[in-house]
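First chain A sits with chain B, and in the next complex the same chain sits with chain C.
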Partner chain A sequence: MKATFPHMGNVSIIVKALFETLEVDYIIPPACSKRTLELGTKYAPELACLPLKINIGNFIESIEQGADTIVMAGGCGPCRFGYYGEVQKEILKDLGYNVEFLVLELPNGGIKEFLRRLRTLIGRKSLLQAAKAVQKATKISIALDELDKLSFQIRAREAVKGKTDWMMKKFHHQVMKVKGAKSIIKLIRETQKELEAIEIDRSVRVLKIGIVGEIYTLIEPFTNFNIEQMLGNMGIEVDRSLTLSNWIVEHMIKQALHLKKNRPYEKAAPPYMNTMIGGHAWETIGNSVLYAQQGYDGIVQLYPFTCMPEIVAQSILPTISNELDIPILTLIIDELTGEAGYKTRIEAFVDMLARRKEEKAHSNEYILSGN
Partner chain B sequence: MEVRVGIPRALVYYEYYPMWKAFFEELGVRVVLSDKTTKPILNDGINCSVDEACLPVKLFHGHVVNLKDKVDYLFIPRLKSVAKGEYICPKFCGLPEMIKYSIKGLPPIIDTEVNLRKTRSQLAHAFKEVGQVFTNNRKEISKAYEKALHEHDTFIQEVRKGKYPTEIIEGQKMLRKHNGDLCIALIGHVYNIYDRHMSMDIIAKLHQEGIKVITPEFLSDDVIQHKTDLLPKKMFWTFGERLMGAVLHLLDRKDIDGIIYLMSFGCGIDALVSDLCERKVRRETNIPFSLLTLDEHSGEAGFNTRLEAFIDMIRWRKRNESNISAHG
Partner chain C sequence: MNTFYLGIDVGSVSTNLVLLDEHANVYKKLYVRTQGQPIKSLKEALAMLKQTVKTDFRIGGVGTTGSGRQLASVMVGADVVKNEITAHAVAALNHCPDARTILEIGGQDSKIIIIREGIVYDFAMNTVCAAGTGSFLDRQAARLNIPIEAFGSYALQSKSSVRIAGRCAVFAESDMIHKQQTGQNIEDIINGLCEALVRNYLNNLGKGKEIKDSILFQGGVAANVGIVAAFEREFGKKVMIPEHFDVMGALGAAILAKEEVKKTGTTHFYGFELVNREYKAKSFECQDCSNRCEVIEILSNGEPVARWGDRCGKWSGLTKEQSETSA
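Now for the complex of A and B:
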């Protein structure tokens, strides 16, 4: 068995650690590229959401390298992600690829079917070993998100532009070469120290932007044209409302173990939305309110074209923007999104935010003409 | 003066209107419907909703605009789930919010949540909540609730026997003059296929051609259930499940000459379900399959051409395909 999985930001690092601990033979799909997207767009249904298309591209490129088993997460609605596995299975079948899908979820068959799938994946390893591997992987995901967060802060303030980018690039290059959870953690810590050592310019007043929206487009840099880096290099500190570690801890582990969840957005969202409607719409609304309360300068909402929950959120955001006085930019991404147009919109938004902040700071100093 | 409750003539109106009407009227509340869909109603909807919304949801906005100044309350229940373990669609869950934050000057909205995902008993609770807006008399509410359920059952039974929902609700006259040569299955959400403006009156057009039409609503729940139970993973969208089950069932039948899947642009569920259906049909049978997508730019001429070409193709194939090898 050669397992593969879809790309989603740092997922490849986490799954790599997981599979190495469990001694599962794996193939990491080639990084998402134009070809990945083209393959996906060609074979997936036209109006399917972007992540499904990119997944298909990932799978085909992995199968070309010898993968025969696809491992992914699932769900039971109402967001379409829960049915991805079924649709992708049919698409690959029609293309003549003979691969097995191991969707790790609680399907009709209940826990028994889940264990069967898990057993197929982990072979003769015990469930305890599997649990330990998951624990290690979770630890890595948390460390990775801390590293990302640190890079957002440093990038906006670095004295010499491009240092953080270079450091992170080096990290992503190296992390694919080291083996095992321990050395991955070690590398993360080292990179963290290196980042902290970067000289920063304390005189700049940075703008702060919160990013909300659908989780895949938020986390996979290929789909969002590396928006964090783009904004960071414009001197903006970014905060991403959804992180992988949070998703793993809150939605997978705590859900499975029926533990109490820590979801601050649920308390912030109610005046505008007081229920789960699938996907991450509730998070989008709640986190937007939180960002406004925390004094952020602006919010960017990202989601793939036709994403159902985010469309609902999008129709509420203008009201939040008005009532809480915070500019919100919605960016919708599909296979036809061009980088230049996308960047122009972001730059215009940032210019507006900078001007707005300046006006606010000096509002008392303006003198009306003739006085 | 009696209280007026407005029900937009869109979305699940085609499925639940008899039930809601019976409930409100039993409580002495007057039910006001929006006008039948027209181009201006659709345009109003497009203007006040987010661009990304699907066509039926945009149309719903239009019907709300049409209705809002004529009524004391708007009835837009939050339909999260209408069957165990299933959902409808995220946009249905968030519909009250979408309306509230997109249209100004609305009367109060009754946005009671219906969520039968875990237990059916929540339905009685939801009706009670709606009833309490108008009266505190519990007996009256539960009487109205019983009446509503009864009306719904009668309505569904009639539909399963082969009557179109619009024939029952609106008394629409349907000329069925089939000459019996063709039978086409028309697959799609109720609000796409029964709204005469949106579907460009596709049912009447097929009838005009002398074609017998079968819609998913004509099939009994058991038939659908039997087929969807065979799916490797339960389809958690109630409407999607019905469409998928219907197509799987039709593949077994010998009397279907063609399948038309009518979907609306931007419908997330149709995007996946139509693809799954098409793959099944193409892989397992040679029944002609056509996917027609409706959007706000749909021109009737182009639509007619595709429909006519599809019918001609089926007729031509039926008449001329001899099953004799061309190689002699």
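Now for the complex of A and C:
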């Protein structure tokens, strides 16, 4: 068996660690590229959303390299994602690819079927060993998100532009070469130290932007034209509201073990949205409120064209923007590879935030001197 | 000798140039169609501009904006490169310091800019849909065989209202055809279209924004009296059209160039001889990694002067590129 899986940001590093611990033979799909997108748009239904299309491209490119088993997250999802596994299975079958599809759904129903799929994947390893491997992978996901967060802070402030980019590029290159969870953690820690050593310019007052929206377009840089890097290099500290580690811990592990969840956005979202309406709309609304309360300068919402939950969230965001006085920019992503249009909007948004901040500082000074 | 500041707006439909004098008055403006060839149209426009100015002059500074701003910048040696939202706001505020709402509809995009206390406070720009922009109106005018300049005045002659679907250009067009085939008046249909476009614009961009006086309407579509009237009916307020509504982006770029040169003291402008240079854009797919970036290379007389499109910076780093100047 040669297992493969779809790309989504750092997922490849986490799954690599998981499979290496479980001694599962695996293939990482080639990084998302124009070809991936072309394959996806060619074979996926036109009306499907972008993530499904890119998944299809990833699968085909992995199969070309010898993968025969596809591991996919699933679940009776609250949005179209719940159908991805089934739809993708049928598409690949129609194309004549003879692959096994292991959709790892959380035990909403047949736990037996879940265990069968898991067994196919882990072979003769025990369930305890599997649980331990998951634990290690989770630890890595947390470390990776901490590393990303650190890079967001350093990039916005670095004295010499490009250092953080270079360091992160080096990390992503090296991490694919090391083997096993332990060495991955070690590399993350080393990179962390290197990032911390980058000289920063303390005189700059950075702007802060929170990124909200649909999880895949937020996390997979190929779909969002590296927005974190782009903003960071414009001297802006970004924060991404959804992270892989949070998703793994809060939505997979705690859900499965029926543990108490820590979801601050649920408390922050009312009265704008009082319940889960599907996808990550509740997160989008709640996190936008939290960013406003934490004094962020602006918010960017990202989502793939036709994503229903985010469309609902988008129609609520102007109210939040008005009432909490925080500018929000919505960017809808589809197969466009021309980045210029997005860049224009982002640059104009950043210009605006900078001017608003300046203005605010001015009026504050005025008030102070008036006292 | 006169000193002028040159503003260049390379848009999808038109390439606009503005010469600004020392007192921030428009000395000359020029509007040519881009026709998908920004390099050619910019060179032509510059040559035309040079010819039409009869007095002795020098260029004190150059600013570029529009979707082709990066390209224009490397061709002319710009002092400032600015996104069109900021450029439009700068020009509008220069024209009317108490503007609080700016409506802008261009060839392929439309935007709304909200100004409070003299700064851009909020804006929205169409993202996935170009229904209601200049190109669509152009196309409908051509289909009905009405010159685009006269399109709006047809709407003003409308006697009864016809509802046209405005959400999507495809829906709008088929709705127009259906209404026309049932014998509706062409004036009423055009008026219906104007109303549909305004409705679509406000639904898409106006979401939750408070439209306050003074309202400025600029961009090529502001020449369409039918749309202007539809906006005024919708707001119940007067909409002002600035004198240079069709070149506001270029005007803003010129103003910004003037400010920039005041700071730096010198311009990077290559001089009008640049129209004799041969500029070529070449693109290739970089094969060095799986990103397969589409790299664009701009050649001047065979020498590469700029490259962009790569994610890693390997190609763009090879040439000096004037990057977007921050606020």
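Just so it is clear, the second predicted complex is superposed on the first by the 358 of 371 C-alpha atoms of A that agree within 3 Å, B and C clash if a C-alpha of one lies under 4 Å from a C-alpha of the other, contacts with A are read in each partner's own complex, and residues count from 1 in each chain.
Here is the rule we use: a contact is a pair of C-beta atoms (placed from the backbone, for glycine too) under 8 Å apart; a residue touches a chain by one contact, two chains touch by 3 or more.
As the structure is a prediction and not an experimental result, all values here were calculated from the model.
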Query = Looking at the overlay, does A:190 come into contact with chain B only (first), chain C only (second), both, or neither?
reply = neither
Partner chain in contact with A:47 - chain B first, chain C second, else both or neither = first
Inquiry  = A:279 in the overlay: touching chain B, chain C, both, or neither? Say first, second, both or neither.
reply    = first
Task = Examine A:322 and indicate which partner it touches, taking first as chain B and second as chain C; both and neither are also allowed.
result = second
Ask   = For A:83, is the partner it touches chain B (first), chain C (second), both, or none of the two (neither)?
value = first
Query = Does the superposition put A:305 against chain B (first), chain C (second), both, or neither?
reply = both
Query = So, does A:100 touch the first partner chain B, the second partner chain C, both, or neither?
reply = neither
Ask   = Both chain B and chain C touch chain A; at which residues?
value = 305, 315, 318-319, 332
Message = Applying the document's contact rule, which stretches of chain C touch chain A when the two form their complex?
response = 67, 70, 83-86, 109, 117, 119-123, 125, 127-128, 207-209, 289-292, 294, 311-313, 324, 326-327
Task = Spell out the residues on chain A that touch chain C in their complex, using ranges where they run on.
result = 30-35, 162, 165, 169, 226, 234-235, 305, 315, 318-319, 321-322, 327, 330-332, 334, 337, 340-341, 344-345, 347-352, 354-356, 359
Chain B partner contacts - residues on chain A that touch it in the complex = 45-49, 74, 76-80, 82-83, 85-87, 89-91, 94, 103, 107-108, 272-273, 275-279, 281, 305-309, 311-316, 318-319, 332
Query = So in the complex, which bits of chain B are touching chain A?
reply = 49-50, 52-53, 78, 80, 85-91, 93-94, 97-98, 101-102, 113, 231-237, 265-272, 274-276, 279, 283
